[in-house]
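First the structure, then my questions, so here it is.
By written order: A, B, C, D, E and F. Residues from 1 in each chain.
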Amino acid sequence: MDRIKTGIEGFDEIVKGGIPKGQIVLLSGAPGTGKTTICAQYVWEGLKKYNENGVFVSFEENAKTIRETYKEFGYDFNQYERLGKFAFLKYDPYHIEEVFDLLESSIREIGAKRVVIDSISALGLHVRDKAELRRMIFNLSTILKKLDCTSIMVSEIVPGSKGISRHGVEEFVADSVVVLYYERNNLVFNRAIQIWKITGSDHSKKLHPYKITGKGIVIRPEEEAYLKK
Amino acid sequence: MDRIKTGIEGFDEIVKGGIPKGQIVLLSGAPGTGKTTICAQYVWEGLKKYNENGVFVSFEENAKTIRETYKEFGYDFNQYERLGKFAFLKYDPYHIEEVFDLLESSIREIGAKRVVIDSISALGLHVRDKAELRRMIFNLSTILKKLDCTSIMVSEIVPGSKGISRHGVEEFVADSVVVLYYERNNLVFNRAIQIWKITGSDHSKKLHPYKITGKGIVIRPEEEAYLKK
Amino acid sequence: MDRIKTGIEGFDEIVKGGIPKGQIVLLSGAPGTGKTTICAQYVWEGLKKYNENGVFVSFEENAKTIRETYKEFGYDFNQYERLGKFAFLKYDPYHIEEVFDLLESSIREIGAKRVVIDSISALGLHVRDKAELRRMIFNLSTILKKLDCTSIMVSEIVPGSKGISRHGVEEFVADSVVVLYYERNNLVFNRAIQIWKITGSDHSKKLHPYKITGKGIVIRPEEEAYLKK
Amino acid sequence: MDRIKTGIEGFDEIVKGGIPKGQIVLLSGAPGTGKTTICAQYVWEGLKKYNENGVFVSFEENAKTIRETYKEFGYDFNQYERLGKFAFLKYDPYHIEEVFDLLESSIREIGAKRVVIDSISALGLHVRDKAELRRMIFNLSTILKKLDCTSIMVSEIVPGSKGISRHGVEEFVADSVVVLYYERNNLVFNRAIQIWKITGSDHSKKLHPYKITGKGIVIRPEEEAYLKK
Amino acid sequence: MDRIKTGIEGFDEIVKGGIPKGQIVLLSGAPGTGKTTICAQYVWEGLKKYNENGVFVSFEENAKTIRETYKEFGYDFNQYERLGKFAFLKYDPYHIEEVFDLLESSIREIGAKRVVIDSISALGLHVRDKAELRRMIFNLSTILKKLDCTSIMVSEIVPGSKGISRHGVEEFVADSVVVLYYERNNLVFNRAIQIWKITGSDHSKKLHPYKITGKGIVIRPEEEAYLKK
Amino acid sequence: MDRIKTGIEGFDEIVKGGIPKGQIVLLSGAPGTGKTTICAQYVWEGLKKYNENGVFVSFEENAKTIRETYKEFGYDFNQYERLGKFAFLKYDPYHIEEVFDLLESSIREIGAKRVVIDSISALGLHVRDKAELRRMIFNLSTILKKLDCTSIMVSEIVPGSKGISRHGVEEFVADSVVVLYYERNNLVFNRAIQIWKITGSDHSKKLHPYKITGKGIVIRPEEEAYLKK
């Protein structure tokens, strides 16, 4: 099985070597869990370390904010954009089908191998019918798989809800599911990442603490250490 | 009572010899519990070990992904397909009645004894009325029973919900119900299988831990061992 | 007060001698709790031991499955059917009023004293309005009482819900209510029966464990024994 | 403050002498808590011990069942009916306004002082709008108060729900509220009565165990005894 | 900051001297917590002790019942009504706007300083839209503030719900919020009052037990004493 | 990263120096948690200490109440209003788009750097569709960012709900999220503040107790001290 190394510290270890090539990974978490950071980092590491081009699709945030925020992390997306190796796509959740063509042509043009969609939740607010939402995500997945991309789709979980996605259908379309937790332990809040499922592959079954640093997120893969806590 | 041996390690022991012939088994579980793996394994073991032909019906996944994923498990469905002993059926949940004829003719053509439907949950997203869903599943069951198949239907449970099916009606149409759990125990997640009901047969009343290996799932039937944990 | 002995081992003891004659008993439980078995056993014991004829009404299951399943229990309904002492009625929940005439004429023809309706839950899926459902169950009860039958109506409870019926109205129409529990105790699931209410009669206030054997269900009425567990 | 003695053993003690004259008491409880028995007993004691005439209004049960069930308790309503001191009223929840005139004329004819309405819950199933339900119960109360009756209205609580009435509005229309509990304590179910509120009067703040005997319900007012349990 | 002394024993102490002048206080509680008693007491004390005139607005209860109930407490509203210092207003929740003019003219005529609205919950049953309800309560507040009244609005909480108002919007319109609890502690029910918020003022942060006596409610402000319980 | 110092005692320390310039902060809390006080204090400190002009937008409260309440805190907004350095905007949630132009021109006129919107929750009551609400908040954010303001938007949480915003979408539009808690600990209620997320910045992960004093809120940033409690 071919795998795509995310380049995120500790992540590749807990998924036993990287994301299986061509898969759609659902990345779910509450606000403040670093979902956008993981996306940016995944694309950035692809550009810089693995020579894999990328597309960052944002339904709501605009490219400007993301560009500025992650410039401080040292992710200079602009230089790769100028080289035709990276693109930001932003579009209107009210007219999602329109972006499908744009996305496909962007991926082809750039020769993108890594795609992130941050997020698919706003999408779910527009299509009221969960069947429709499922189909739309499925159609999006079909495009990404046809073009041989390895992708991350973000789902925003409302704090206090118990599910592993916003609408309860996203996890059934995705090949793999990664969940970010933000849990209160008495007076302190802690973050933990869980590899919920990787289709066709073994993975860690543990909850791993992680940090959001000024360079991106850092996961510690040595599980035993954390279990003693 | 005639029984169909699943060939899944440990499964037949906890249902006292296999699935009663001609029954519809509901297999429920959250994402990542290995539902599709059990389906693939059930059909594969039928083909290879028991000379029982099979049909794999997928509402959403396409045959390609399943074929590739399970080839790595050593399940070479292609060779049996060429021999006319196996078929993948894939269809549109928006036009489910259309597949009924196709399913019936496929089963007859192949002489299938094992059928898996992975999953019936998307179906439930399209028919909003639970009575309609129940009838549709009932009609599907009627076809399968008429053709003397022993079948597994998959229901996708949203993590955090308490039911044993997605829509709360599937378990009343099925003859038998098997539930897969994915439970967090402090910092580690564990998997367990429960035989909820087997119509007309005794079965284990315990929760059995299981593993998803590179060859399929493995259940340990020696219950006492696990109870000591 | 006249009572109808169910003939189910242990059941008559915990209701202080049997079901009060002419009552409608609601029998509620999750899948796998043996609701259909209790129904079959109640009718069978009537035929065999008490010379009381019976009608088994099934909204969804077909007579064939029930006949075959319980033949293995030693309940040979066919012989009594040939003698005109027993009938299976099966009908369409979409056209429930049609069965009312059929049910009335069947009961009169056979001279049935015991009637079971397995189940009234599908009914509730068709009438969306709980008032309508209540009225329909009430009308059904009226027929059964007019014909002097002592009846069991089955309600299917979704596992994880807290009520004692599917729709929250059935228990208010029935004269008596019996609930079957299926509870997880660490790694083992246990069954227990509770007599929730018997109009006009005393009854056990305890939860009694029971078993589903190859001959039917068996309840142990010696309450003290179980309380020590 | 004038009070109406219910004559129910122990009840009058825990409400400090009886129900304040002219009030509407809401009596809430799950099935099997003896709501109908308290109603029957309240009317019966009025007839027999206090020479106060009564009307029993039943939305669903028919007079025949109630008459027969409580004859076994020794409540011979028939003799008082013949004397023009008691009446059963039964009517259709679909046409509730029709009963209002009938109820008013019955009360006047009989000179009733005690009225029971068993139950107002079916009413709530027909009027979907809670405001409408509240108004209807309020209108019913107005009639009863105008005619100087002291009344009990029954509300059926679905087991497992947390409220003190079926629809969450009944308790705000009633002057007083009495709640019947049926609680599981390990393997045994116990009954307890609580005086939730008596407008303008002190009352016990405790949960009192009670029994349903062959003569009616019996409450033990000595609170200390029960608290030691 | 000017404050209005309620005159309720212990209440003024826990709000640090009285209700800030001109505010709208939301008083929330389940049935039987004494909401109406606090309202009556607040108006009565104004009339008798502080020479502040008052208006009692009741959406559902009629003046007669309240007059009679509180006459037993020694609150003789009739004498102040004759003096033109007090008025009962009663109106139809279906036509709430109509009462606005009436309320304004009554307040002006009487020169009322204290107004109680018991309750605003029925209002919420009529306007289905929470935005509409919020606006209506806001409009009501505007009138009361314009006329310089210090007011209490009652919200009826359904027992078992977790909110601090019936509809979840009332607390955001009110300046201050007082919540009455009725909590079960094993076999006894206890009452406690909480000052949830007083805009622009400090207040007790504790739960204070209180009693409903034949003279009105009595709160003990010495907090330490209760904490030891 | 440029930061805006709030000037609120202890707040700037727990966000590592102030709110990142140009961000939208969601401030969520139940009634009585001091949300409006933080808003007033944020604007006031800007005017007085940092020479940053401000706009206070209120959907429901009127300028008069806020002016009067906070005058007692020593916040004399009037003087700055006369100097053209501060403005109160109040508008109708039914016609929200109308305020957008007004808001933009006010900010330009005044040269405002600090904007508070208290609250956006009433807004959510008018647009029933969460997608619409999200878009509206997003549009509002776009205006504020275009004009280079650093803003606080208030979300009112219903006590007892688990989310960190009223409607479950606000937190996904905001750059940063601050949550105010009001928790019952036996008989006393305590307040605590949590910095849930600051986009692009580190922050305290702890729950910090705070007080509402006559001068505004006061947070203690020395985390260790509180953890010992």
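Quick note on the criterion: a contact is a pair of C-beta atoms (placed from the backbone, for glycine too) under 8 Å apart; a residue touches a chain by one contact, two chains touch by 3 or more.
It should be emphasised that the depicted structure is a prediction, and the values quoted were computed from it without experimental measurement.
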Given subunit A and subunit D, the chains that contact each of them: none
Chain whose Cα centroid lies at the greatest distance from that of subunit B: E
Copies subunit E and subunit D - interface residue numbers shared by over half, same or different: different
Maximum centroid distance from subunit A, chain identifier (CA atoms): D
Approximate Å spacing (C-alpha centroids) for the pair subunit C, subunit D: 30
Rounded Å distance, subunit C centre to subunit F centre (Cα mean): 60
Inter-chain centre distance, subunit C versus subunit E - centres from mean C-alpha coordinates, in Å: 52
Shared interface positions of subunit A, touching two or more other chains: 161
Contact graph of the chains (line, ring, star, complete, other): ring
Residue ranges of subunit E in contact with subunit D within the complex: 30-32, 60, 65, 69, 72, 93-94, 119, 121-122, 125-126, 156, 158-161, 184, 187-190, 212, 214
Complex interface listing, subunit F residues touching subunit A: 1, 129-131, 134, 138, 161-164, 168-169, 171-175, 177, 192, 194, 196-197, 199-200, 202, 205-207, 226-227, 229
